[in-house]
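Below are two complexes that have subunit A in common, paired first with subunit B and then with subunit C.
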Partner chain A sequence: MNGSLPLIWRKFGERYDLDGNFCETCKTAYFPARAVCQKCRRKGKLVAQKMPKTGTIISFTELSAGPAGFEHEVPYFIAIIELENKARLLSQIVDSEKEKIKIGTKVEKVFRKISDIDPEGPIAYGYKFKVVD
Partner chain B sequence: MRNVSIIGVGCTKFGEHWEKSFRQLIAEAGIEAILSAGIEGKDIEALYGGSMASGRFIGQEHIGALIADQLGLNPIPATRVENACASGGTALRSGYMAIKSGEYDMVAIGGVEKMTDVGVEDAAIALGGAGDQETELFHGASFPALYALMARAHMNEFGTTEEQLATVSVKNHHNAMLNPKAQFHREITIENVMNSGYIATPLKLLDCSPITDGAAAVILCESEKAREICENPVEIIASAQASDTLALAGRKSLSEIMATKVAAKNAFEKAKITAKDVDFAEVHDCFTIAEILAIEAIGFCEKGKGGKFTADGNTALNGEIPVNVSGGLKGKGHPVGATGIAQAVEAVLQLRGQAEKRQVKDAKIGLTHNVGGSGATCVLHLLKALEGKK
Partner chain C sequence: MAGIIGYGVYVPKNRITVEEIARVWKKDGKAISKGLNVKEKAVAAYDEDACTMAVEAARRAVSQAGIEGKQLGAIYVGSESHPYAVKPTASIVADAIGASPELTAADLEFACKAGTAGMQMCMALVDSPVPEWLEYGMSIGTDTAQGRPNDALEFTAASGGAAYIMGKKKEEILANILDTYSYTTDTPDFWRRQHAEFPRHAGRFTGEPAYFKHVIGAAKGMMERVKMQAKDFDYAVFHQPNGKFPIKVAKMLDFSMEQIEQGLTTPFIGNTYSGSMMIGLASILDKAKKGDKILAVSYGSGAGSDAFVIETTENIEKKRHKKSVFEMFEEKEYIDYAEYAKCRKKLKSM
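Then we have the complex of A and B:
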C-alpha cells in the first residue's frame, strides 16, 4: 500500500510540508486537510494552511515489533503530537535520547525516509519528529 | 412494535485450525446454529456475514454469498458486513434491523476469520487496516501501538498501572479455563504478564489478544414467532452503534472511547435500563487497556478507575459485574470477524443457564460490546431471556 506511486505523489504536500487547512469560522486547524469542517460543516470556511513544525508529545510508545516494512526499524518510537496550533498528528520520533521522549516534551519536524516495502518500488518519504534540544 | 430474538447459536472452537479452511469453519458454526434453532434451511430468508479482512488473510472476498453457498441457503439474499474488528457485531445489528423493519421474520448471521494462513507481519498489516492507513499504518503504527498510545495516556491521566492492566489478562485467562471452546487453557499470573516482553510500551505480549481462527453464527427471529417455535429465545432488547474518527490523532481524548460512550448511552435509553441492571458483559478486550476503557465508557465504574476496579476483583466471575466470563478476546481468542457474534453466543448461553462452569448466577440481562479499530466503531447489544410458549 505504501509503495503506490500515485499515492506517494499525491501526498507530497501533506507529508513533505505538513500542508493542512484551517476553518476561519471556528478557528480550528486540520491535519491532514479536511473537505469539510467537523464542527461547522457547511457553515465552515476552510483555507489551506501549513502546520507549524513544532509541537508537544501527548502520548508515545516504543515498538519492539513492527508491521511488514518496519521489521528492521525496531525498536522505534511512535507518538501523538499536538502542534502549536492544536492540530494533532501521529509520527515517529527519531534522533532523540530515549530518556527525553516523554509526555510534554517539545519536538520538531524533520524530513526522513518512512519505508520502502517493495524493493523494486518507490521509496516513501515524509515527516518524522525529534526532541528539541 | 416488532422485536427480535436469538433462537439458535453455533460456534467453532477458537484457536489455530491448521486443518480447517475458512469455509469449513463458517459451515460448522452455521450448521450448528441452524440445528440448535430447530429450524430448516428453507425457513431462513436472508443472511449477513461478518469478516474483517478475508481478502488479506485468504484472498477471498464476496463472503456473503460464499457463506450462503456453504450452508446450502442459496438463493436467499446474502450480504457481507465489514466494520473492522466490529464486523461481527455489525452483521448482527444488520440482521436485527432487517427483522425490525418487517422485511424478514428469520435471518442467519455468521462471522468468521481465518488468520493463521498468513505470517505474523502480514497479519499485522491486515489488522493495521482497521486504523488509518494514510496517517497511522504508513508511519509504522501497528495496531498494538495505537492501543499503547491510549494506555500511556490513561496511565498518565489517572495513574493506572501496568500491573492493573495485567489483571485483565489474568482474569480472562482464568475464565477461559472454564470455556471448552477457548483458544487458551492456561492460567497466567501478573508476573507472567509483566515478564512477557514489550510489544509496544507499555503493552506486553500478554496484554494482547492472539491471532485466531474461528467462526460463530446465530439465528435471529421475530420475537412473537420465536416464542412459538423456541422454548428459550433470548431477546435483543437494544442494539446501538456509533462511530468516531478513524485516526487516534483526530480524537478529543486518547483516554476514553467516545463511540462506546455514545452507543452505551443509546442502548440503555432504548432498553430503559442503566449499567447497574446489567448482570454480565462480554466486552472487546483486544488489549487489556481496551477492557478498562470499555467498562469505564459503559459505566460499570467511574472514568479513570477501571484499573483499580478490575484489580479489586469487581469484574471477576463472582464479582459485582462479571466481565468476559467466556475468556474474552484475550483468553477465548479473537478471530476478528467472528468476535462480535461469539459474544452474542456467550450471552445466549449465560441467559439460558447453559454456561456450565462459567455460569453467572441469576443472569437476567447481558451486554455485548464490539469495537472496530482503535474505537472508530462501537456496536453494543443488550440481551434478555424470553419465556417461550413451546
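Then we have the complex of A and C:
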C-alpha cells in the first residue's frame, strides 16, 4: 500500500462506497467530499451523500507506463467519469473491451484491489469502473 | 423460521480452458477435460481476490433482498483464500456494503464448505430470540482457489463466490429453509499448512472416504429427518470439485440428471471451492418456481457436509435477478496460461 495508512483508512468511505457530499443550497454533489461548497461558500449547507454507482465516460486515456505499484497492470485505461448526479471522478476502467471504452459509454462501479505491492503489508481496496454491457 | 431473502453471485470474467493448462504441461487436455467434465475455469483478475468477489456477491444479494447494508446484523465470510491470515475479510465486506458498525462479523474456514456453515449460523442467529435486534444475517462463500502448477487440482481450482441473506419476515423470504443437517469427521483428504502457498491432497483418497462418504452421509441423514426421498425433490445440488463427482453422487442417491442439471455449474466455471455449491444453488433459485423443493449439500475437505432442504415461496418470481447465473457465465474472456500465471501471482519474480 502506498502512502500513510491512517490517511488511507480515513478514505475508506470514499474508496469503498463513493461517500461524498451535497450542497442543499445550490444542489451540487461533490466527490470527494468538500469542506466548503465552492459555489455558495459560507451560505452553502453540505450534507453527506453516497454517489450513484453508474456514470458516463467524459474522457479517457490508455496508460502504457503506470506509476509504482501499477507496473504489472499496463496497458490499462483511466477515465474521467460523470456520475448520474453530475459529480466527476477519475477511475481505472477494468473488465471492458477496448473498443467499448469511448466518450459517452455508460460505466458502473466495481470493487477491486487498488494497491497490493507489499506481500506483508495492508491491501488497499476501492472503486474502479467497468463498461455496462 | 429463517429463510433466504436474497442471494448474489460473482464470477470473474477471465476463463482458461482445461486444454490450455494441459498444453503447458504436455498432457492430453481433451481427455482430461472429458474425464473431469470441466471445459474451462474462471480466473480472478490481477486486482481481484476472495474479498473483492465477496463484496460484489454481497452487493447483488443486498440489492435483491431489498434491504440496506446497515440492516445486516451478521456477516460471515467462508473461504480458504482469505487475503489476510489475520485481519478479517468480513469487516472489509461490511464496510464496503455499508453494514458497519452495528453487526457481528467473522471469517470462517472449512475448506469448501465454510460458506454453508455460515448460512447455518445466520439461520440460528436470525431465529434466536437473542439478540433481538438482529434481523438479517449474510453468509458468503468465496475463493480464489489455489492449484499448484502441474497438479491435478490446477485444472479445476477456480475463482468465484456467492452470498446468501437470511431473514425471517414471511413477505421477504424467497425460499424457506425447512431443515438443515451436517455430517462431520476428521478425514485428512486435503489440507494447506500455515504459510504454505498451495494445498496438498491425498489423491484417490479424496473420493470414496472423503467426498462421497460425507455428501451421502449428509444427504441421507437430511432426507431421513424430513422423511423425504430423492423423487420428492424438484432439484438437487451437491458440491462440485469437478463435473463428474456430483453426477456420480446424484446417481448413488437416486437423483436424476434432470434434477441436478440446473445446479451443475463446475463444467463451465470450474470448482470455486467455498462458492461451488452456493453458486449451483443460486442457479437453481434463478429458475425455480413457487413451491419447488431443493436438496442442497456442500462438502468441505477435512471433512464435512452441510445439507439443506429448501422450499421456494411465491416471492421467488417477484425477486428474480435481471441476469441469471448462467447468463453471467457468458460474460467471459479467454486468457492463456501466461496471463493466468500473472493473474494468480504464480510468477515468483514479480
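As a working rule, the second predicted complex is superposed on the first by the 127 of 133 C-alpha atoms of A that agree within 3 Å, B and C clash if a C-alpha of one lies under 4 Å from a C-alpha of the other, contacts with A are read in each partner's own complex, and residues count from 1 in each chain.
Operating definition for what follows: a residue touches a chain if its C-beta (ideal position, glycine included) is under 8 Å from a C-beta of that chain, and two chains touch if they have at least 3 such contacts.
None of these values were measured; they are calculated from a predicted model.
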**OP:** Could you classify subunit B and subunit C on subunit A, in the superposed arrangement, as clash or fit?
**Re:** fit
Original post:
Anyone got the angle at subunit A's C-alpha centre between subunit B and subunit C, nearest 10 degrees?
Top reply: 150
Original post:
Thinking of the overlay built on chain A, is A:112 touched by subunit B (first), by subunit C (second), by both, or by neither?
Top reply: second
Subject >> Which of subunit B and subunit C A:94 touches, first, second, both or neither >> reply: second
Original post:
Is A:103 contacted by the first partner subunit B, the second partner subunit C, both or neither?
Top reply: first
Original post:
First (subunit B), second (subunit C), both or neither: which does A:123 touch?
Top reply: second
Subject >> Superposed model, subunit A: greater residue contact from subunit B or subunit C >> reply: B
Original post:
Which holds for A:67: it touches subunit B only (first), subunit C only (second), both, or neither?
Top reply: first
**OP:** Please indicate which partner A:49 is in contact with in the superposed arrangement: first for subunit B, second for subunit C, both, or neither.
**Re:** neither
**OP:** Name the contact category of A:80: first (subunit B only), second (subunit C only), both, or neither.
**Re:** first
Subject >> Gap in Å between nearest CA atoms once subunit C and subunit B share a frame through chain A >> reply: 12
Subject >> subunit B and subunit C contact sites that coincide on subunit A, given as residue numbers >> reply: 73, 114, 128
Original post:
Can you list the subunit B residues touching subunit A in their complex?
Top reply: 121-122, 124-125, 128, 133-142, 144-145, 148-150, 152-153, 156, 197-203, 247-250, 254
Subject >> Complex interface listing, subunit A residues touching subunit C >> reply: 12-13, 16-17, 50, 72-73, 94-95, 110-114, 116, 122-123, 125, 128, 133
Original post:
Can you list the subunit C residues touching subunit A in their complex?
Top reply: 13, 45-49, 51-52, 55-56, 59, 83-84, 87, 92, 95-98, 331, 342, 350
Original post:
How about subunit A: which of its residues touch subunit B in the complex?
Top reply: 1-2, 11, 32, 58-71, 73, 76, 78-80, 88-92, 103, 114-115, 124, 126, 128
